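As C-alpha cells, here come the structures.
Paired with subunit B in one complex and with subunit C in the other, subunit A is shared by the two complexes that follow.
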Partner chain A sequence: MTKEGVQGATEEEEQQQAQSKKGLKKQQKEAEKAAKKAEKQAKLAAEQQSTEEDDFAKDRYGVAAMVQSQQKLDRALVRVQDLTPEKADQLIWLRARVHTSRAKGKQCFLVLRQQQFNVQALVAVGDRASKQMVKFAANITKESIVDVEAMVRKVEQKIESCSQQDVELHIERIFVISQSEARLPLQLEDAVRPDGEGEEEGRATVNQDTKLDNRVIDLRTTTSQAIFRLQSGVCQLFRDTLTNKGFVEIQTPKIISAASEGGANVFTVSYFKTSAYLAQSPQLYKQMCICADFDKVFCVGPVFRAEDSNTHRHLTEFVGLDIEMAFNYHYHEVIDSITDTMVQIFKGLRDNFQTEIQTVNKQFPSEPFKFLEPTLRLEYTEALAMLHEAGVEMGDEDDLSTPNEKLLGRLVKEKYDTDFYVLDKYPLAVRPFYTMPDPNNPKYSNSYDMFMRGEEILSGAQRVHDAQLLTERAIHHQIDLEKIKAYIDSFRYGAPPHGGGGIGLERVCMLYLGLHNVRQTSMFPRDPKRLTP
Partner chain B sequence: MPMYQVKPICGAHAETDLPTCMYKLPNIHAQKGNSCTPEHALQNGEVDPAVKALEARQDEIMRKLHELKAAVEGLAKTVTTPDADLDLTVSSSLSESASSTTFKGVTDLDTVLGKDLGALRDIVINANPAQPPLSLLVLHSLLCQRYRVLSTVHVHSSVNGVPPQLLSCLGPRHADSYARHMFQLGFTLIWKDVPKLQMKFSVQNMCPIEGEANVARFLFKLLAPYPSDPALTTMVDSWVDTAFFQLAEGSTKERSTVLRALNSALGRNPWLAGQEFSLADIACYCCVLQSGSASAAPANVQRWIKSCENLGHFSPAKQLLQ
Partner chain C sequence: MALRELSSLEKFLGLKKPNKYSTQGDKKVPVLQSNNGPALVGLVTIACHLVKEAKRPELLGDSAESRAVVQQWLEHRVTKLDGCTKEDVKTVLKDFNLYLQDKVYLAGNQFTLADIFMYYGIHSLIVELAIQEKEQYMNVTRWFDHIQHYPGIRHHLPPVAVLRNRIYTGRHH
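Coming up: the complex of A and B.
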C-alpha cells in the first residue's frame, strides 16, 4: 500500500512538473506570437504613414459619391466599340464595367467591358498615377462600374483577348460609380466557357440552374447578350415582313372565360367573384378578327400553357407570334405566306446578325441554319414512305411521335439539305375539331406543321368557317357545345375561308442557333419548377 | 475356244444404200414420161407453167422488198432532216408526236427507281448556278412528255440569289402542283453552292450520284433502256464522257480535237450513235453550246446542230443561254 501511495505521490509530482513544463512552453509561444504581432503592426503603421505622405494623385481616383443627379455634366462618354486606332492619342472619358484587374509591380492591367465589347486599360506609376492609385485600381472588385479618363494609345502587338485589339487605354483618372460586392455568385468567364472545354481543362463551368437563379449576372455575358439581340431581331423581322405584306397587328385578351383548345392545360385565375382562365393561344380572337373583315392579322403576345412537361423545349409561359389570314381559293396561299415570312426572317438573321451568331457559336458550337426558297413542302404520305424506308412502321392515320419527327428531320436534311420544311395534309383524326377536312379524302385534313432542325415549331390549318360543319365536328370530338357557343356564333354572319398558325419565339431562336434548351433563349423562363426571378 | 456360241439371227453383212443427195427436186426441164408434147413447143419460148409460177413468186417478193425499202427511206428522211422551213415555235408542239417515236423501248419506273411506296418519288438535283446543267434540263423536258412530272426549283441558303431565268428554267408551275400525290415523278432542282453537281433520290438505298454525265445517264434510263448492242452502248457512253470532260472542261486544243472527231463521226451517220437519236447527241449538243464553239464548228457539226434544234427538245437549253 505504501508503495502505491509513494508511487502516486511521485506521479502527481511528475504530472505537476509536466504541467508546468507545458505551461511554460505555452507561455513562451504566446509571447512569441505577441512579439510578432507587435512587429507587424509597427510595420503597417510605418507603411501607411509613408503612403499617405507621398500620394500626389489623391484627387485622380477614388469611390465617387452616389450619383443622385447632383450636377448635369456635359461630358461625352465614348463607347468601347468605338475605340479604334482612329482615336489614337485622344483623351477620352468612358464608363464601363471592370471585367478583370491584375496588378504587376508598378502597373495594373484592367479589362473594361461594355456589353459584348472589351478593351485593355493600364494604370502605371508615373507622373499621372501614384503607387496608391495603382493599388486602388488593383483592388476594385469585379463587375463594378467605373468612370475612366484615359489616353487612347495604339499597340504594336494585337491584344488577342479583347474585342478592341488595336488600342489600349492609359488611365489618368478612375472613379468607381457603383461598387460590386466582392463575392460574385458566378464568374462570367465560367458562364461563357463551353461545356467540353470545362471538362477537358478541369476549369469550372456554370450549371444552368445557377445561371437562371442569378439571371442578372448571367445576362451580362457576351453569349446571352448575343442571344437576346438576335431574338429582338426575330421579332423585328416578323413585324416588318408581315406589315409589308399588308397584315395588321392586333392585341388579343389574355384573360378569357372559357378554355379554347383542350380544357386540361389552362391556368385558372380568380376573377372577382368567379374565376377566369389565362389564354392558351389567341386562336379564337384571331379568327373573330378575320370574321370582322380585318383580312390579315398577326399578334405578338404571351401564351400560357399549364402543361406539367419538364422537357428541354416546354415553358409554361412563352411569347407567341401568331398569324391568321383569309384566302381566296386554296389554303396553300396561307402556307406560302407563312413560309415566305419565315424565309425572310432567316435571311434577315443570316445577313444582319452574323456577329451575334458567331458569338453564340463560340460557346455553343452548331451547324449553320440552312433553308430553301421557296420552302420545301412534303405531304404526309411522302413522310410515311421515307420513314418506312428507314424501317419505321406507322399507320396511315397515326400522329408522328417526337423521335419519329426527329428522324424525319434527319432524313429530309440528308436528301434536301434543309433545316426548315412544311409537312402538309395531316390525318384528320389527330387534329383539333376546328380543322377543315380534306375535300377528296376524308381521312386527311387541310392542316400542316412546320419543322426546324427536326422539331415542330408551328401547327396550323385551314379553319372550318361554316357554323354547321363546325358544330358537327365538335360533336364528333365530344366537346360540350355550350362552352364554345360564342366561338361558333362568330361564324354565323358570313365568314371568309381562312387559315393560319402560330410559332413560339423562344423555340424558333433556340432552333435557329442550334441550342439545346429553350430556357437559354427565354430571359426569365417559367416552367413547372421555376417562378422567379 | 468360245464357251457359248449363238447362231447369227440376221444376215452377216447387210448392204444399206446411203443416199448422197440431200434434197431432190423434180427436174422441171425434163419431159414427163408418157406425155408426148413435141419438143418444139417448149423450145419456141413457151415456158413451163411451174417455172412461170416460180418466177411470178420471185417478182412478187422483189416488189414487196422494194416497197419496204422506199417506205423506210421515206421515214428516215423525215426523222433526220425535217422540212427546213419548219418554225421552231411550231416544232415544239410537233415534237410531242415526234418524240413518241424517238425513243423505242419501254422502261418501267419501278425497275429503275425501286418499289412504289405510295407517295411521290422525288429526284433531287443540287446544281451550282454558275454551271447550269443544260443536258439535265433537256432530259427534264423529255421526261415531262413521258410521265406526269412535278417540277420545282428552289434556291438554297448557301447562295445569295440567282438570275430569274434560272428560277423559271423548268417551265411554268403545273396547275395541279398543290397535290403532290397526283404525280408519278418529282424533279426538284436546288441551286446550291456545291463543287460538283449532285443527285439524291433514295437516302436509304442509293448513295448520291455526282457529275452531270452520270446524272444524265441515270435520267436517260427512265426514258429508254440503253441499246442492247454493247458496242453501241460503249460508243454512246464514250461520247457522253468526251462531251462532259473534254468539250465542256477541256482546253481549246482539246475542244477542237473533239469537234474534228464529231465532224468525222457525223459525216458517216446522221446521229452520233448511228441512225438513232440518243443520249450522246443530247450530251454533245449541250456541251458544244455551253462551250460557245457552236458558231466555229465544222460543216457536219453545224448541220447536226440544226437537226438537233429542229427536234425541239433543246429549247429550254437554248433559252437559258440567252
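Coming up: the complex of A and C.
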C-alpha cells in the first residue's frame, strides 16, 4: 500500500470509527426514546385499566346520544330561576348551559346558566361521583348544554356572583346534550363587562362589531336577554294600551308603488317587469284606513329608510309603531291619546320590568327614566325662548338641529325634571306637505314632535283631510301630483279630521334604558354597512 | 380693540373728557400724548394713569399685597392672554378656574382694575364656549357673569348668556 493508500485506509477507518461512534450514540438515543415511549404506554394502559376498573360512577356522566326524539321521558326539568331555599334538599333535574367550569383538586365548580339566571353547581369526589366524573365535568366546554340531576342545598354565605344566591347544586348525574366547540368567537364574561371596568382593570371587553358579527352568542348574555325582553314588553304594552282605548290593529303593505316620504331615501325592488319600493312608513295606508271608517288604528311593522347615515340612532330597517286616529274638534285630542299611551308604556316598564332594567344598568349605568303626568307640552316659541336664553341663535321658522334638540332636552330636564315631553306647533315650512297649517298663524302648523332624553322619537301632526287644500300644499312643495293621485283621491269621498304619529321601537328602548347606540336594541340590525347576520 | 377698552374704562370711571389715543407698532400698542411730560405707552400704563386721574386709587388695590396682585394680573392679561393660541386656551381657562376657586374677585374680596381688564381680555374666549364647557370652568363662569353685570363695565361687549343652574349633571351625553 502506498502512503496515501495507508492514509486513505486510516481515514476510512477513522471515518468508520467515527461513524460507528456517531452510530452508537444515535442508537443509544433511539433506544432510550423507545424505552421511554414503552414506559409511557404501559403507564397509560395501566391507568386506563385502573380508571375503567375504579370508575363506579361510569353511568352517571358522559356525552348523551343526540336527542332525536328516541323516547318520551316523563321527567320534569326545573328552571334555574326557581331554585330557591324552598327547594332545599330536593333532588331535581335541570337543563342549562355550562357558563364556567373550574376544577379544584377533588372538586369541580360549575356555573350553570339559563337566560338571565345562573346557579353554582358542584361535583365532588364522594360516594356519588368518581375522580373520572369530576375530571369529565371540568373538561366540558363552555356553552355546552347539559342535563344535570342534583340535590339542591342551602348555602350559609350568599353566592354574590350568581343570580340564585341562596342555594347551590350538588351534582349526582351530568350528561352533555349538545357540546360546544372549544374556541368561542367571544367570551360572554367579556361581552357583559362595563367599558369602564374593562379599561381600569385591563380586562377585555368586546367591541360592538364583534358582538354584532356573532350575534347568536352575544344575544345569550344577561344584558341582551334583558334588553330584548324589555323590548317585547314595549310592543305588548303598546298593543294592550291602544286596544283598550278602542284602536284596531291593521297591517299595511310594505311593497308600494310610490315613495311615501320623498324619493331620496327609498329602497327600490324589482317587481316582475317593473320596479316597486319598500315602504318608508305606513303613512298613506293609515290615513286611508281612517277614510275607510276604522276611526282609530295602529300598526306594528318594518319601516325601510335608505338613508346613508352612519350614526348611533339610524338603521335602514327598523320596527315602526304607528298610530292614526280621527278626532272630534281639536288635534290635541290626538296628542293626549298618544302621550297617554306612552305614559302607560313607561309605567308598565317601570312596574313590571325592573329586573331587566337593573340587569342592563349593571353593564350600562344610567339615570332612571323620568316623566310627568300629564305629559309636559311646550310650544315651539317657548322652546325658542329657552334656547335664546341659553345663548343659542335661531330664527323663528328654523328647524331644530340635533345639537339644539339635545340642548333643549337638557334645559327642559333642568327646568321641569322630565325626560319625556312634547313640542307643539312647529313652523309649517319644515314639515311635510300633508301637515295641516295653523288656523291663526300661517307660519306655524298643527304638528308636534316628542322627545325622550333629548332625542326625537315621534313626529306627528293633524293631517290635511281636504283634497283641495292637499293639492295646494303639494304644489307648494313642488311634488308631482301624478305620483300621489291615489292618495289625494282617498280624501274626495268624505274624510274625517284626523292626526297621528309614529315611533321607532328600537329608539324608544334605547332611550328608555339610557343606552347610546340603537344597534344594541335591534336584534339583527341593518345599517348601510351591515346586512348579516 | 385696546382703544375701545380704554374708552369704556373712561366711561366707567366717569371721566368727562374722552382722551385721544394713537397707536404705535404692529401690535397697535395705545399711546396717550400728555401735555406735561413724555407720552404714556401701553394699555396697562394708560389704564393705571386714568384710574389715578379719576381719583379711584382703590381700583388698583388697597394694600401692598393686593396692589401687587392687581399689577400681576394686568401683566398676565397683556402677556399671556392676548394672542394666546387655540391650544393654550384650555390651559389658560383651567388655571384661571383653579385660581378663582376661593375668590370673589381677582384681588380677593375687592373689585379692581384687574377684574375689568381680565373681563375685557377673556370675553372673546368665553363667547366661544359651549354650555358644557362653561359648566366645566364653573368658577370662571361665575366670576365672568358677576363682572359683566357690574354696573358700568360692559359697554362695548355683548352679554354672554349664563344659565342659573347646571344642566350637565349626569355621567352621559
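Going forward, the second predicted complex is superposed on the first by the 487 of 533 C-alpha atoms of A that agree within 3 Å, B and C clash if a C-alpha of one lies under 4 Å from a C-alpha of the other, contacts with A are read in each partner's own complex, and residues count from 1 in each chain.
Convention: a contact is a pair of C-beta atoms (placed from the backbone, for glycine too) under 8 Å apart; a residue touches a chain by one contact, two chains touch by 3 or more.
Since the model is a prediction, treat every value here as computed from it, not as a measurement.
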| field | Dominant toucher of subunit A (residue count), subunit B or subunit C | value | B
| query | After superposition on the shared chain, which partner residues are touched by A:Ser366: those of subunit B (first), subunit C (second), both, or neither? | reply | second
| Thinking of the overlay built on chain A, is A:Ala390 touched by subunit B (first), by subunit C (second), by both, or by neither? | both
| Touched partner set for A:His330, first subunit B, second subunit C, both or neither | first
| request: Would you sort A:Thr381 into first (subunit B), second (subunit C), both or neither based on which partner it touches? | output: first
| task | Return first, second, both or neither, reflecting whether A:Gln27 touches subunit B, subunit C, both chains, or no partner chain. | result | neither
| query | Just subunit B (first), just subunit C (second), both, or neither: which does A:His516 touch? | reply | second
| message | Output check: A:Glu414 vs subunit B and subunit C. Expected answer is one of first, second, both, neither. What do you get? | response | both
| message | In the overlaid three-chain picture, which partner chain does A:Lys406 touch, first (subunit B) or second (subunit C), both, or neither? | response | second
| message | If I apply the document's touch criterion, which positions on subunit A are contacted by subunit B in one structure and by subunit C in the other? | response | 389-390, 411, 414
| query | Tell me, which parts of subunit A touch subunit C in their complex? | reply | 365-367, 389-391, 406-407, 410-411, 413-414, 453-454, 514, 516
| task | Using the touch definition up top, name the residues of subunit A that touch subunit B in the complex. | result | 330, 332, 346-347, 350, 369-374, 376-379, 381-382, 384-386, 388-390, 411, 414-418
| Sites on subunit B touched by subunit A in the complex | 117-120, 122, 124, 126, 152, 154-158, 178, 180-181, 188, 190, 192, 200, 202-205
| note | Per the touch rule, the subunit C residues reaching subunit A in their complex are 131, 160-161, 163, 165-168, 170-173
